[in-house]
Amino acid sequence: MKAAAPQRFATLAEVTYDPLVRAALAEDLGLGGDLTSEATIPAGRTASGAFVARMPGVLAGLEVALRAFRLLDAGAEFTFGAREGERVAPGQVLAKIRCDARAMLGAERTALNLLCHLSGIATETARYVAAAGKTDCRVAETRKTLPGLRALQKYAVRVGGGSNHRFRLDDAVLIKDNHIALAGGIRAALGAARARVGHLVKLEIEVDTLDQLAEVLAFEGGVDCVLLDNFSLDLLREAVRRIAGRATVEASGGITLANVAAIAACGVDVISVGALTHSVTALDIGLDIGPPDRDWSVP
Amino acid sequence: MKAAAPQRFATLAEVTYDPLVRAALAEDLGLGGDLTSEATIPAGRTASGAFVARMPGVLAGLEVALRAFRLLDAGAEFTFGAREGERVAPGQVLAKIRCDARAMLGAERTALNLLCHLSGIATETARYVAAAGKTDCRVAETRKTLPGLRALQKYAVRVGGGSNHRFRLDDAVLIKDNHIALAGGIRAALGAARARVGHLVKLEIEVDTLDQLAEVLAFEGGVDCVLLDNFSLDLLREAVRRIAGRATVEASGGITLANVAAIAACGVDVISVGALTHSVTALDIGLDIGPPDRDWSVP
Amino acid sequence: MKAAAPQRFATLAEVTYDPLVRAALAEDLGLGGDLTSEATIPAGRTASGAFVARMPGVLAGLEVALRAFRLLDAGAEFTFGAREGERVAPGQVLAKIRCDARAMLGAERTALNLLCHLSGIATETARYVAAAGKTDCRVAETRKTLPGLRALQKYAVRVGGGSNHRFRLDDAVLIKDNHIALAGGIRAALGAARARVGHLVKLEIEVDTLDQLAEVLAFEGGVDCVLLDNFSLDLLREAVRRIAGRATVEASGGITLANVAAIAACGVDVISVGALTHSVTALDIGLDIGPPDRDWSVP
Amino acid sequence: MKAAAPQRFATLAEVTYDPLVRAALAEDLGLGGDLTSEATIPAGRTASGAFVARMPGVLAGLEVALRAFRLLDAGAEFTFGAREGERVAPGQVLAKIRCDARAMLGAERTALNLLCHLSGIATETARYVAAAGKTDCRVAETRKTLPGLRALQKYAVRVGGGSNHRFRLDDAVLIKDNHIALAGGIRAALGAARARVGHLVKLEIEVDTLDQLAEVLAFEGGVDCVLLDNFSLDLLREAVRRIAGRATVEASGGITLANVAAIAACGVDVISVGALTHSVTALDIGLDIGPPDRDWSVP
Amino acid sequence: MKAAAPQRFATLAEVTYDPLVRAALAEDLGLGGDLTSEATIPAGRTASGAFVARMPGVLAGLEVALRAFRLLDAGAEFTFGAREGERVAPGQVLAKIRCDARAMLGAERTALNLLCHLSGIATETARYVAAAGKTDCRVAETRKTLPGLRALQKYAVRVGGGSNHRFRLDDAVLIKDNHIALAGGIRAALGAARARVGHLVKLEIEVDTLDQLAEVLAFEGGVDCVLLDNFSLDLLREAVRRIAGRATVEASGGITLANVAAIAACGVDVISVGALTHSVTALDIGLDIGPPDRDWSVP
Amino acid sequence: MKAAAPQRFATLAEVTYDPLVRAALAEDLGLGGDLTSEATIPAGRTASGAFVARMPGVLAGLEVALRAFRLLDAGAEFTFGAREGERVAPGQVLAKIRCDARAMLGAERTALNLLCHLSGIATETARYVAAAGKTDCRVAETRKTLPGLRALQKYAVRVGGGSNHRFRLDDAVLIKDNHIALAGGIRAALGAARARVGHLVKLEIEVDTLDQLAEVLAFEGGVDCVLLDNFSLDLLREAVRRIAGRATVEASGGITLANVAAIAACGVDVISVGALTHSVTALDIGLDIGPPDRDWSVP
């Protein structure tokens, strides 16, 4: 493993995630700072450390996590041992860090909190993608994200091989049952939406029955996507048959690793899974710390 | 269920959590706002809604979640159907909301993301507390929290019957292996810490062996707490015996619902569980929405 | 004109525009406040005022502008004399305000700066929409907006009868010449984009020639929109014919009030006009101020 | 054209304008970033580009605009081809940029939005200054600026050869008709203002008639400036004669390129023009992008 | 003492000082809130309290201080017992507060920190003003303020009867020795400043000798103010004689309560005292707290 | 004095204090910037400067203060002439700075306001520590700090040899008379606090009489600290005797340089002094500025 320039994130600019990392550091350091490290570590000492996977999984968020060290020590140096999206094995060194020892300890928890959470998301996403099998069907997260973390969570889903649902309420229309009720029916809702939104906004509608689907398909303005919520496999297949390529088909509701393959096999284009972001199990990654000259490449 | 004044949170002032709720709304609304609701819901329409539990669990975060509605409609009205920390049953109405229909839909996801996450933490904490049994042993979270959510996550742990570990790096000393190595030994680390910190800061040290524990107990300045990391049950019991009330005893490492009772029975004072906040399963709560005059009390 | 409840904005929630109005007030008041009003106006005096149109135009931004008064005097009272999107005539009273006299003067410029700018955008948009004639062709703004004002500017375009282009770089794909060059051609660029983005993101590509258009139309993945940049009328018609409904057609480049009708008549779906937001002429609106009991309804 | 150290702005420190550029980038990138560039441009590719004037005008805001590239790529390199305040010709290369290709595309619109707006202001200001002729009379903007952009807009006015009016309500007194009415007359207003403000705050008063002017000149405390609002040329000359150097004389109201020379010839010291900042026509400047080794010096 | 509407501050709008009070509360509450009050005070309890002067002094900052209570309890009620700028006596009740008991205790320190600091400034300013005697000479603070508190500190100076120096570096010119040296002399510095700044910006220059003063007075463009730094009484008188009303005269350097009268008697217009804001002795004010029905009017 | 790497602060990370220094600069520069320096100092000129002590004292805040220069000129270079906590003599050069001349003048006041305030606190703290004599008794500040400056003020107390009291309301419990009254007595308050707070939070209680002390000592749960408020020397000694090492003993109320030794001699562990932070006298430090090649080491 040799030193390498930082990988550039697929989407995330440092200008985007930097405020979040700063805020996370401030949340952990408080205004008083790291009492323990300040008291016990002589000033000016250098340390080296290594992020080491403790479980198998898919790596996500390494650059974001490393940012925490650089914010406490502008001279922190990194060597990458794994790439975003790589499947890592227990004991594998993911990155090596060399920086001020107090900065190492002061940033440790912030960095790990980000790294383990995002890698947990990527890992679970990859499980769903693998389970869905060799189809064109995509696995997507939902808006059931944790406050303040949406951009990073969606990034981790992509790293894990998933696809992103809409980012927020202003970039796509998704008409649900309550909208339909308040608008006065499917036709009225679709018409109002078509009239309101610009030509670069997609229009999706959720249906619960084949009757509703029929109403949607009868709408002359067309829809871009149809969301089939909690449909049985039989109904999914029938709905896909009826839609016949006239709209992207999304399935949601009650998706598990056990049933995702069967649902994908129904011919839907996207399967959305709220748990990818609302119920995340962190991937266990640790930070081993040692003297500046330690050779981390041999675990 | 009758209308009631909002319950005041135990610790959280609105001035504290309001910025987080605003930021969460902004993250979801974007600058363009809720396209769907604006297009499909006539302006000025009022709606009523009810948070309804879909799973059994412990409620946490209701007031924080309701704040989202009031930020979009200052005239939003609430009726509480359950109290923070209450065990709720599937189908139970947790709170009723009456507000502008667009505000209802626009705040729905933000509110649920907060409520389901916090209730998930409280629910899991309560499981650990129950599993620990009728001892004085406390269950605490760690600093393995999600960036930006620490205060709320710790609040939810308390609501679930748990106890809080330190809030951040500036309010207590916790000396770990790396600090010891860098300070030049346990005695040096403890001495440095005692000298640095004020009289209202507690001093805890993590030990991995009974030999290290002996060194700690030999330190004339005393320590407030000892953290026994990954000790076997036998070693835990022996350590508790040797500490003999001279310090609070915390156990951590590999704690599960299966072994928490046995560990508590060893006589430790606190058991800390990282998963309470780093690997949260959301509690399933939904928002049912209907016409302004709907009677939600009969599910 | 009788008192009325505030109109709710189509899209904008107060939680969204409030920070901008606060920042604008702070920019004008400085930390020292309105020296002139404080010196010359006795404390506690009440004043009434009226926004009066000095030119004909289309009103936009009234609620945002009025927010400035309420931020300086929480008890400010408003009566609306015109609605968002209404064509107003010189001398027409748009809204009446009754509040603390110092607050009236202190908020005046901030309110007018917002109101005149947004109404200027709505007015010019309405001119383009009218010029485009009775077709289904929409007039849209571009991302050539002023820093910090995009959401409000886009709102004003809608109020003026226009349609919104994408909000920012993350909610739709628009492949331009430089992307094509860097990707290695149209086909490569389209393929990469289809693979990257989620199912709710639209895909648009800009072409400069009919040959490029042919390449786009040959792409098996399809595109949602084609942007015809600086096409002559003949080429526009030919391009529309070839696209034949397989994609939304947008025309841009050199659009003026003089040629917009001819371009619309070519059958394009959207015409985008950068000048709507990058070169705005403010609509002249004034704030007349008088004693609390003045009857503003008779100008 | 050879590489040169960045010109330092006359007044603006990077610490001042950096937050605005960050916010503008965030407004355009959203949390999801530049989908198009990420999908179509391979990571790690370098590009070169050149700001090229498409119209003749006065350059303003180059350093602010370039900041956008550096915020996305800390290693971005710039070569200046023109100086702030320089009259530029169509086709002239204003600056060359070499940076990461995704950063080039991601920052392009933000940079141009700033540059074209500020250069538009400088250009129009220069027109007024030239039209005013070879007098000592200054051309100044007003507080009719766009929210959030006041400091930059005022900077551009100076770059265009204009002079700045007060920055905000707390740095100078300007008594207008409503203040006079509420204070109980000119004499009362002037007395109150003199008593309130510190010795480094100038005192200006607006008058509409020669009678009001007489009252002002009779005030024993003196005034620093008199604003003659909507005076005819004859009245302007008479007012200047009566003031006789006892105060700075400002003319405002209905100023156009057609009448500014005549007004300046009346002997006033300052002419203030709201349209300089409230109704800006952007200067057309483009960003040409090409391979890293392209020689931009030959257009 | 009867209930009264809040006095409106002379200059400060709530929109200006509210962020500072929020930040001060957040600094004291942390994210965890007031542990002590939450533990010991039953939820929902109401308390009453009174700000009571413990020393004689001049009151300043009452409304700002009270804001802290309202931010924790929107229903907090206040009754004023003294006015801003009033000389208060030990034992005097300055204001009564009735609010939630936890809010009372949680806001207490934040409120007192503001109130005691600002009243300390007003009190010391009033001492200087009194010591200066019955002249027209004003006492002003300088820019030697505490970071973040400048607006409030300057407000307190005014409340104490003082006058404000410039607010910051952008609202007036003050040429000092280093500027003169770098500009190449007094004449060059004055010429450059006149050319640069707008017509509403005053121009002051600091001189150390009568020779320098002569150079200043010879400058044909004139200056608005001359700052005589560390002049002896004799030199002050001579300088005032030579200036002869052609500029405002400010004296600074080594001003004390003992010599301020003598300096004022020299005929200077303004005496500036850095210690008013850089070395503040807090006025001792306490918050007495009791049951909701306590009658605070009888101490 | 030779160039040296910046001393690292004991506790403060740049990421913590940087926002405060930025805000302080913005407060002083305004949006218009330093008019005087811009007008009088040619662009691109370099200057050198030296912080020079004008009074004897204890240095604190040098790195924070120097940050102001680097924020205006990223290339600013520093040489340290004294260390944090060093006793400095009048005329001593504390640090040398070499940077852009406009940046030097523009940052001067911000830097000095921080440096003089913090050094003033360290100096006064050192006086109290010296006066307390060679005991183990610590001198601590209180929460009577200035809004926004708490972290820096507490840092300065440590630099001066003092010890920190709690940082805010969420990191330690301190039960005072009002808490006792509202809780229903000492025993109830202590019991409630023990039950509420985590194992890393210390518990202190304030007592006014020996009777109250007896109640505290009878509480089976124990307390960590007892605060003896306004006790006479005799009572202090008696209280220390009765506490007998079972709790840390803090004395407060009416502490002066004259009585601190006598109080320390009573055997208390901590003496807290509000004036250390609420009534600070700035240490007089100046910034001498000269040409880039000036040799500052010989004053």
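Letters A, B, C, D, E and F mark the chains as written, and numbering starts fresh at 1 in each.
In the analysis below, a residue touches a chain if its C-beta (ideal position, glycine included) is under 8 Å from a C-beta of that chain, and two chains touch if they have at least 3 such contacts.
As the structure is a computational prediction, the values presented were derived from the model and not from experiment.
Undergrad: Between C-D, A-D or B-C, which repeats the contact pattern of E-F in over half of its pairs?
TA: C-D
Undergrad: What's the chain with its C-alpha centre farthest out from chain A?
TA: Farthest chain from chain A, going by C-alpha centroids: E.
Undergrad: State, to the nearest whole Å, the distance from the C-alpha centre of chain C to the C-alpha centre of chain E.
TA: 43
Undergrad: If you average the CA atoms of chain D and of chain E, how far apart do the two points sit, in angstrom?
TA: 33
Undergrad: Counting only Cα atoms for the centres, state how far chain C is from chain F in Å.
TA: Distance between chain centres: 51 Å.
Undergrad: Going by the touch rule set out above, which residues of chain A reach two or more other chains?
TA: 27, 29-35, 38, 106, 150, 164, 167, 170-172, 174, 197, 201
Undergrad: Going by the touch rule set out above, what shape does the chain contact graph take here: line, ring, star, complete or other?
TA: complete
Undergrad: Name, in rising order, each residue of chain B that touches chain C in their complex.
TA: 22, 25-26, 29-35, 38, 43-44, 71-72, 100, 102-103, 106
Undergrad: Spell out the part of chain C that touches chain F in their complex, as residue ranges.
TA: Those in contact with chain F are residues 27, 30-31.
Undergrad: Report the residues of chain A in contact with chain B in the complex, numbered from low to high.
TA: Residues 20-21, 23-24, 27-42, 45, 47, 101, 104-106, 109-110, 112-114, 116-117, 120, 143-150, 167-176, 178-180, 182-183, 188-189, 192-193, 195-197, 201, 275, 278-282, 289 of chain A touch chain B in their complex.
Undergrad: Over in the complex, which chain E residues touch chain D? Could you list them?
TA: 138, 140, 163-167, 170-172, 174, 197-202, 204, 224-225, 248, 250, 269-270
Undergrad: Which bits of chain D are touching chain F when the two form their complex?
TA: Residues in contact with chain F: 7-8, 10-13, 15-16, 150-151, 154, 164, 167.
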